Every structure is written in C-alpha cells, then in structure tokens.
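Dumping the structure here so I can ask a few things about it.
Letters A, B, C and D mark the chains in the order given here, with residues in each chain numbered from 1 onward.
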Amino acid sequence: MSRLTREPIDTQELLRRVTVPAAGAVVLFLGTVRELTAGRRTVALDYEGYPEMAERKLDELDAEARRRWPLCEVALVHRLGHLELAEASVAVAVSSPHRAAAFEAGRWLIDTLKETVPVWKQEHWADGTTEWVHPGLNGDVNADCGLRNAEPGAGGPLP
Amino acid sequence: MSRLTREPIDTQELLRRVTVPAAGAVVLFLGTVRELTAGRRTVALDYEGYPEMAERKLDELDAEARRRWPLCEVALVHRLGHLELAEASVAVAVSSPHRAAAFEAGRWLIDTLKETVPVWKQEHWADGTTEWVHPGLNGDVNADCGLRNAEPGAGGPLP
Amino acid sequence: MIVRVKLFAVAKQAAGVDSIEIEVPEQATVADVRRALVAAVPALSPAAKFLLFAVDAEYAGDQMVVTPKSEIACIPPVSGG
Amino acid sequence: MIVRVKLFAVAKQAAGVDSIEIEVPEQATVADVRRALVAAVPALSPAAKFLLFAVDAEYAGDQMVVTPKSEIACIPPVSGG
C-alpha cells in the first residue's frame, strides 16, 4: 500500500495494516519536521510532489523491497502540503517474520525513497525566508539564481 | 521512559512521547506474536517477568543508548501476561535528529533487550501443549526435564 | 514542435508557472528539452546539469525522444522524506 | 543459613513454586546457591549450567557472596521481546 496524502498521516492505521499473524516484527519509520538544520531554525515546511510519478515510484519501492526481503506487509505514505514542526512528512511501515529483515527493509525504503521519489520540500526559515531544498544544488544554484531568500510564493527572476 | 505493563501497548502514546521538534526521525519497533515458529503453530503467548529487575534493565538500556547515539527521546515498554496472535509484546521507540542513529539505536535496543531483560515467554502451541522458551536450553533441557508438553499451570516433576 | 514541460519546486519558482510550453526540433530528445527549457528560463542555467526529466511519469535518459503527446516533467534534485 | 530464591519460567515450573528456601553454608556464593537449588529441584540439573542468578535485582557472578537478606533470583535464559 502506498499513497500521497495532504492530511496528517494516520500512524495507527498503518500499524494496523502491517501487523498480521505471520509477522513477528514491525518497524515504523517517521520522518518528522525538525526545528534545527545546520544551526538554522525552521518554523514549517511545505512539500510538493509530482503525484502520478511519486505514487508509481512508491509502488515500485514496495515491490522491490518485497523482492529483497521476506516481508509480510509494506505501507508507504508521503504527505504533501504545509507541515508544522514535529509533524510527520513520511511514514514507512513494514512487517516481517523476523526483525533483521524488518529493520533492513525499513532503512532501505526510506533511503531509496529520499533518492528517487519526486517530492520536494521548501523550508520556511525562522528569519522569514523560504528555500526549496535540492540536494547538491543548494547553496550555489539557489544563490546564483537569486532564488535564496525568496518571499513565499514569489517567482524567481524571469527571463 | 521504560515500563512493564499488563495492558495492550499504546503505540500512539509512545509515538507522541518521542516525536519532538528536535527530532527528524522516529523509529518504532514492535515485537508481535507470530503464528508460525519453525513450522509449529502458536495460538497465544504468556509473558512473565521479574519486574523490579526488568524495569531496572530497561532503564539501563535507555541510558546506554543515549550514551551511544544522539537521541532525543527513548521509550521502552514490555508487556506481560497473556497475548493473542499479532498483539505487540514489546515496543521500542526512539527519536533522533537523523535517521541513521534512530535505526541503529532501535536495532541495538531490541537486540540487547532480548539478551538481558529478565522476561520469559511461554508458547501455547496449537496442539494444546505449552513450553517456556529458553534460548540455548530448549529442545534438550525441557525435554530432559520432562517439561516439554506440560499442561498449562502444571508443575514439572518434583524431587 | 511544441512540448509542454511540468515544473516543480525551484524550477517552478524560477519560471513563475507550473508548466511551460517550449519549442523543440522534431524528434527532439530529453537533452534538447533541457537546452530549450534553460533558454526559456535563464535563471535555471546554473542548475541545468542537475535537472533530470521524466517522460510519461518515468525517469528518462538524455537520449529519449519526446513527442508533443509526451507528458514531460522537469525533476530537480528531490528532497522528500 | 537459609536463603530464599525467586523462581521464574521453567525453574518455577520445575519446582512448582515461585520461590524456594534452601540451606547454604555461611558466606555462601552464587555458585553454592546454584548447587543447592539443583539439589533441591533435581529436574533442573540438565539446565544448571544455563542458570544465571541475580542478587538484589542485578546479575551476579558465581563468586558473589549472598546473605539471608539478599534478594536472590534464578534467571534461566531470557526470552522476552
């Protein structure tokens, strides 16, 4: 089961879904909105996605994890929209007869999700600025593009 | 926070407890009652503990995990008493700024808990027999002691 | 021919729109789409080499040929999770 | 002297009681307690080398000396989790 949602992630529903009699181990990972990143303070995040592709990618991750490990159930949810501090942006829930597979699959799923699923976060810093986060690209391109310190909703420089 | 309980484990309360603004990653592990073990079918488990010592050991695990990893919060709960299939016997919840520490600490906590905390499980097999599980000792000593296939509540052979 | 490219995150912000129509040669590849996009949105040029593209909701290599019916999306480095 | 030993799981099942009083020498060690327990509950003898002991709710080595006031517990291999 994988999906995108704009509502708070219902962790109880995910745990119910993966907790089955064939399983002896359940691992739930939540990515949550952290206040401090490299010393800067976040007040909120916005997540944007490319929904058709993101859901397809989540389905592919689910299938690949089941190929790699003896899993009972897998549930992947990514939230989009505006999130406050400590809210969960992503949930990975897996169950397996034994815990080694559940931990390994959970770790692989979140690592791979973060590399491949077309979802982006925008930091709302405490200083009032916002910034789209693009690993490998921030700190140079955003600045070069004049996009750092953009006001929320403002477009960057147009041609 | 660590404790023993005879009630169903409240996973929502544990998640609320560890989900804090300093964290970016939450890992929850649940050990659940699995139906099949080495081809034998379980219908239920009973857990017994040495409460004073078990709670002390859980507190020690919490403290040691915080020494080893940069954790925000740790919550450890072990349930005692009678558990049906798919119920959770143990919960390990940890939060950390980053996911590597959360996964590693969660794995270490459950692995070490299973080795050191004085709690024991009794299998209720589908064939009507019961058996205390003692790693390294089952399959030889239980049989030798005439304790395998004991009826529930019955004492073993007395001197 | 004209193709439409969906834009997200910094690319959407740079362009000020969530999709853009650009002119590319017949039999254009993803590489041609990248060049045309950056020509249309010069603010993206420092990011050009980091921009991936998806065709019909799947990552596509630079050599993939697109058509006016392709669903093309510009995928800057992802940051979900 | 008489010491009381808490019993759990297979040890409790073998003895039929959840704690047992056993006679050990003055200045007895955990090793002496193990011997006396197995003598009192012969069904436990195949398990003897697997039985750990706790004194005052902490794992105790074979050389630890116990007193009649010690809270002693027999800890068969644990299986929580």
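The working rule: a contact is a pair of C-beta atoms (placed from the backbone, for glycine too) under 8 Å apart; a residue touches a chain by one contact, two chains touch by 3 or more.
Predicted model, so just to flag it, every value in this text is computed and none were measured.
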Shortest chain-hopping distance from chain B out to chain C
2
Taking each chain's centre as the mean position of its Cα atoms, how many Å separate chain A from chain D?
51
What is the distance in Å between the mean C-alpha positions of chain A and chain C?
23
State, to the nearest whole Å, the distance from the C-alpha centre of chain A to the C-alpha centre of chain B.
29
Whole-Å distance, chain C centre to chain D centre, using C-alpha means?
73
Can you pull out the residues of chain A that are in contact with at least two other chains?
31, 110
Quick one: which residues in chain D touch 2 or more of the other chains?
none
Strictly by the criterion at the top, what is the full list of touching chain pairs?
A-B, A-C, B-D
Which bits of chain B are touching chain A when the two form their complex?
11-12, 15, 19-36, 85-86, 88, 95, 97, 99, 102-103, 106-107, 110
Touch list for chain D against partner chain B, complex
6, 8-10, 12-17, 40-44, 46-47, 50, 54, 57-58, 71, 73, 75-81
Can you tell me which positions in chain A touch chain C when the two form their complex?
31, 47-50, 52-54, 56, 78, 89-90, 110, 113-122, 132-137, 140-142, 144-147, 150, 154-159
